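Following are the structures in question.
Each of the next two complexes has chain A plus one other chain: chain B in the first, chain C in the second.
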Partner chain A sequence: MSTTKNDDVTINNVDLGRKPSVWEVLSSEKYFKWMLIIPLLLVLLVFMIYPLIYSIFNSFFDADLSGRVAVGLKNYKDMLRDTDFWIPLRRTAVVTVVCIVSEILIGLGIATLWNRNFKGENVIRGLILLPLLVAPLILSIVWNFLLEYDIGFINQFLAAIGIGRVKWWAPSGALFTICGITVWQWFPFSASVLLAGLKSLPKDTFEAAQVDGAKGWQVFRKLTLPMLTPLIMIIVLLRTMWLIRLFDPLYGTTRGAVNTELLDWMVYRTSFVYFDVGYGSTLAIMSLYLTIIIAALMYRQLIKALDASK
Partner chain B sequence: MYNKDSIGKRIAFWIITAIILLVVLGPLLWVYLTAFKPAQDIFTGQLSQQFMFTPTLENFDRLFNQFPFFQNLLNTLIVSVVSTIFVMIIAVPAAYSFARWNTGGGHLLFVTISTRMFPAVVAALPFFIVFRNLGLLDTRTALVLLYMYFNVSFATFLLYGFFRDVPAELEQAALIDGYGRFNIFRRIVIPLILPGIATTSVFCLIWSWNEFLFAFLFTRNAAKTVTVLISSFWGSIDIQYGTMAAGAAISILPTLIAAWFMQRYIVRGLTFGAVKG
Partner chain C sequence: MKRFLILLLVVAIAITFSFVGCAAEEPAAEEPAEEAPAEEPAEEAAEEPAAEEPAEEAPAEEAAEGEVFSLEDIPEIENKSTLNTIVETGSIFDETLPYIEKFTEKTGVEVNIERIATPVVYSKENVELVAGTGVYDVVYVETAWTDEWAKYMVPLADLAAEYGSVEEFEMDAAYHSPVIMETCKTDGAIMTLPFYSYHTGMFLRDDIYEDPTEQANFLEEYGYELAPPVNNEQLTDQAEFFTRSAGEELKGVPLEKDMNGITMQASAYQANDEFSTYLWGNGGDYVDVIKDDSGAVTEYVITKENTDLMVQTMEEYVGRVQYASPGVLTANFDFVIAAVSQGDTPIVGMMYGNCFAWAVDELNQNVVPNDPDARLGIYPPIGKGPYTGAWSFGVAAASDNQEAAYWLVRYLASLEAQTAVMKEAGQLATRSDVLDDPIWYTEENQYPLGMLVDYLNDIWNNQDYIDTIANAYYFNSESAGKVTEMHMNTLSKGFSGELSPEACIESVNRQMLDLVERHDSIPIRVEE
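Now for the complex of A and B:
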């Protein structure tokens, strides 16, 4: 390979008149952008690629913490036959749908209510954001306390106003109690996103619609909702990714008992309570595939919605 | 147009708004109410006693004297701060590279963000085995490394949004003046996105502060964090609600204060910058 003298000495169009130092080469136009991301790539390689390959590898073994025996696809076959796998999977789907639908409906309601100028607007919009950054584990323990049958405040209040005590942690309803706690923490998120969306919509379009005699519901359905669709898609996408691996609220309340075991709790129990490393890895990989498939499908919808709104 | 609302409509508006605030803030206020409540009033069946009681500091006293609360608080603080520093050292240059040159043609950025879809449990088991072999279980080092991995993709993506707002013209002007790329980055670009760096850092701090699963799996005593201690109050034979509330009251205070000052950025942060609330 022939290099001209000029190539060696020109960095950032400055003629140095000598051989450039390593530092000068690295911070040159050509290499600088790569130098900047090397640390990130190293971290991803070590902390993402390694566990992924290790888990896939382990899923073909019957393994615990002391040793392993190769078993081929046995873990995957076991999983497909295991009702202990399908039931948590179905529960996870139920929780995801119930939570997202509730959060968006409540969020839409609040966003519509607050889409106006009122006194203390900024303070109130700020106050509802507070639970979003508090540890979900701590909030779920607090809720567990509030919902206690005898001494919990909620039941005492319900008894006092004549509704009577509710068995919040009964096997038939505990899953929905967990949904309730999750919705409580996250409806401020969808409310804030949708309110930000409503506030940024062009006012003249709505005035024009009103002049044309459109009724409230028609305006909402034909005008507001289509314009909010990309934001709703973003909420659905993010919330699905987070809800598939709901863990903290389970630990803070039922600990997977009374019909509330979800997918990631099952992974945790298999891997860290029974130390069945092989099967635990198989379940973990399934949980990952599921997230990726759903995220990819929704990502495509989101791109479509974003294009359509332009 | 809103001033035309009738009195009835306005009253309804404020009643609903008050209910929303009560629902959202009630449980948070309850934590502080319970933290100052004497034990006999916590375990009462009387509704009136839930509000009428003589405030006491006995819960805080027990928390600090019978439990390693101070040590756990210190662990949480050290782990959060150190991991956040590492995250920023890695994420700031990477985000700049992605924003200015679209390094890797968008694919690398997608790989980066996809780590955020990664279930923590997938990573937990391999790390558990590696850390056990390296003797890192129950150390703050282990948590620092895990939280670095946990937050770095999010931080890169959020910073990417901030870097994209920096006009490239400024850098081109500096290039013509003979500045090297590194000096432009250090002297011109970084000062311009300091607010972005601050915002991202606070998010990383809060998430490390709140994290439970890794802390629970990877620590026993020495490196235990506050969330793990608080989780241990429930599930024991006699549930220490008062002590738990006192611990929660202290540990959520920094996040509540941060949340208040960060309101402008919370929506932007949680949507990875997709929505500029």
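Now for the complex of A and C:
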């Protein structure tokens, strides 16, 4: 146990017989451990805590770039009365559910196929992971061109094989096109995580099940799926947090038109297009609260699932 | 070792605190205004007859009698500190950069150019200007933002008085399109000089319009001659007439694929430009701009007449969507050009003029090999109220090198640079002396460049149109930058049917009230 007493002139249990220098105090064990984490704390403070508090602060003001006027809870009241808020919120919920369900189903299917040895498996795994390596904005711009009604490659291909062109960006279906692009980019993430889970499952349990006469579907439902549940919960947790903030596919394609405006697009539009910083901050904070609440609920489920799997 | 680590930590803490200092620093919004009050110079410029009269009284012909400004006319610049500016990505600046290097060679002033995608230019520049950071010495301005940013820029005549000659500046400015120059002024003071224009027009497949079979069929079906449409009914009729399925005939030949009567850009990207074109063509505007006897804007009024015209324009637009490709709901200008230049449609109701040469080039590659007669023409859009678009340059009030910034702006708007804009970058110059160059009328250039030049000259000589622009909300408003973004978003919801025409326009009006009240110094009211 180290002690530093300026008057007693001991440091690290060594009696210096004089007042210790600043260097000696800072390098004492008591303070040195704090010195090591202070930069990290400062970085957190500057780049995470400060912006967050600043956003919360702004949400109580009618603020733009030139100044602010305190309005109390007005922005929050306005938000609750604003149909322009509830519609994107509902769409965000739809996109979140559709994308997560699709990504897990596709990811599970792909992971099951991957969990076998076959020729060229590494090449195929690498190719499937490619979408994860490209910036989402670039991918969405590329998809916008591919799915264009007249000149898009996909429609030209569909027309060439006799299926006919599809209205990918029609108001009735554009939201699901956005979901499709998102799922296409992110199912490799689910597949990779679930593959890791499949690889780590205990073989003897499955061999015992086979000996007991369990069939493929029974094995999957009674053994594989329960054992993968914690991983699925992790995917759901992470993807929910990311999907609530879905932005890039909108920027690269519809820019919030044809029934596709989501919550984060509204935050962007309000804050950085109209520069209504106060209301934009309110929307951003609401998005954050939602994420925290949903994440907390899911985290509890994750802990339960982990406990159950022990 | 510990001492070294502690030293390292102290440095890290110092750096972190410096970040805190930067982050916590209040935007110095007031400073630029204090250092170079925007109001005063503008007022002075407005009061000073010399600032106004020569521009109005010295048409291009008179100006042409004087010396045309060139790189050689830039005097020795005392302040050699580096200039910073921001521009769009795109080929135009690929061709322009060598000219900026010439400026550096001549003056010894380096120019840093930040290139970003067009949709984010406004928000990025706006933040820096409002904060008064002085990051950008030369401000890149779209026509609708001039008034909003005027308080962050210095009237160019003031800089001319300090670093050159007001008379020479105004003489040179008079070469530019009078319509575009209207959008470059705030309270009569020239705040920016234009760089390139994208006045909109209507593109038509001339070969189809001139085909005798098509003309006879159209006359029989609609009872009037097939010719470039001059009103909304004709435009819709023709869009309907040309909507055909594969197998039906066009110019007496069976079509191999479906053809859409018209193509539009109804996405949330630039939907407002298209709507503005049709709205102005119908004689309306988003609000009435009320001016006093001196020409200063005193009020915006949301009138019943304008609201009705907006609903009517929206209904007409939605009525044409049925004859367009389903892709128009998310189409930007690039998809529209692709559609016409691949033979998928004979009518583009509104398109940026600077895309015409590109569209012709694409048509020549895609359609002409199978149909040698295929040819595009450019015409005034319905009602002759095309969106006036131009990118221009001004000098930031917060710049610490206004001297060099002024001369760079002058050079970018000069005959030499503008000639490069048109000849090398394939964009539309805003100077009459560039457009008057006989080179555009050679056999090689007449189609499409000669046609474009004729079209622009027609626009620039249309006094009704000049008056429309001089009184349009977009070009008389500090809030237009925000409002245009709102228009893109909300109008596209009307185009796609997400909102009914009435609901869409009601939403536009409601948001305009809010945005103008929030961001404009001019009051707005709804007509009782």
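To be clear about the criterion, the second predicted complex is superposed on the first by the 277 of 310 C-alpha atoms of A that agree within 3 Å, B and C clash if a C-alpha of one lies under 4 Å from a C-alpha of the other, contacts with A are read in each partner's own complex, and residues count from 1 in each chain.
In this text, contacts are C-beta pairs under 8 Å (C-beta built on N, C-alpha and C of every residue); 3 or more make two chains touch, one makes a residue touch a chain.
Every value quoted in this text rests on a predicted model; they were computed, and no experiment measured them.
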Which of chain B and chain C A:Val97 touches, first, second, both or neither: neither
First, second, both or neither for A:Tyr149, with chain B first and chain C second: second
First (chain B), second (chain C), both or neither touched by A:Thr254: second
Contacts of A:Ala308 with chain B and chain C, given as first, second, both or neither: neither
Partner chain in contact with A:Leu73 - chain B first, chain C second, else both or neither: neither
Dominant contact partner of chain A by residue count, chain C or chain B: B
First (chain B), second (chain C), both or neither touched by A:Asp264: first
Partner chain in contact with A:Leu36 - chain B first, chain C second, else both or neither: both
Which superposed partner A:Leu297 touches (first chain B, second chain C, both, neither): neither
Which superposed partner A:Leu130 touches (first chain B, second chain C, both, neither): first
Overlapping contact positions on chain A, where the chain C interface meets the chain B interface: 27, 32, 35-36, 39, 43, 47, 50, 65, 144, 150-151, 159, 255, 272
Residues of chain A defined as touching chain C within the complex: 23, 26-27, 32, 35-36, 38-39, 42-43, 45-47, 50, 64-67, 144, 148-152, 159, 167, 169-171, 174, 253-259, 269, 272-276
Contact footprint of chain A on chain C as seen in their complex: 2-3, 5-6, 9, 12-13, 16-17, 19-20, 23-24, 27, 29, 123, 126-127, 130-131, 257, 260, 267-269, 271, 325-327, 329-331, 335, 338-339, 342, 344, 482, 485-486, 488-489, 492-493, 496-498, 515, 518-519
Partner chain A, residues of chain B touching it in the complex: 2, 13, 16-17, 20-21, 23-25, 27-28, 30-31, 34, 42-47, 50, 89-91, 93-94, 96-98, 100-101, 103-104, 108, 111-112, 114-129, 132, 145, 148-149, 152-153, 156, 175, 178, 180-182, 185, 206, 209-213, 216-217, 227, 230-231, 233-235, 241, 244-245, 248, 251-252, 255-256, 258-260, 262-263, 266-267, 270-272, 274-277
In the complex, chain A residues that touch chain B: 11-12, 14, 24, 27-29, 32-37, 39-41, 43-44, 47-48, 50-52, 54-55, 58, 65, 110, 113-114, 116-118, 124-139, 141-146, 150-151, 153, 156-157, 159-160, 184, 188-189, 192-193, 196-197, 231, 234, 238, 241, 244-245, 247-248, 251-252, 255, 264, 267-268, 271-272, 277, 280-281, 284-285, 287-288, 291-292, 295
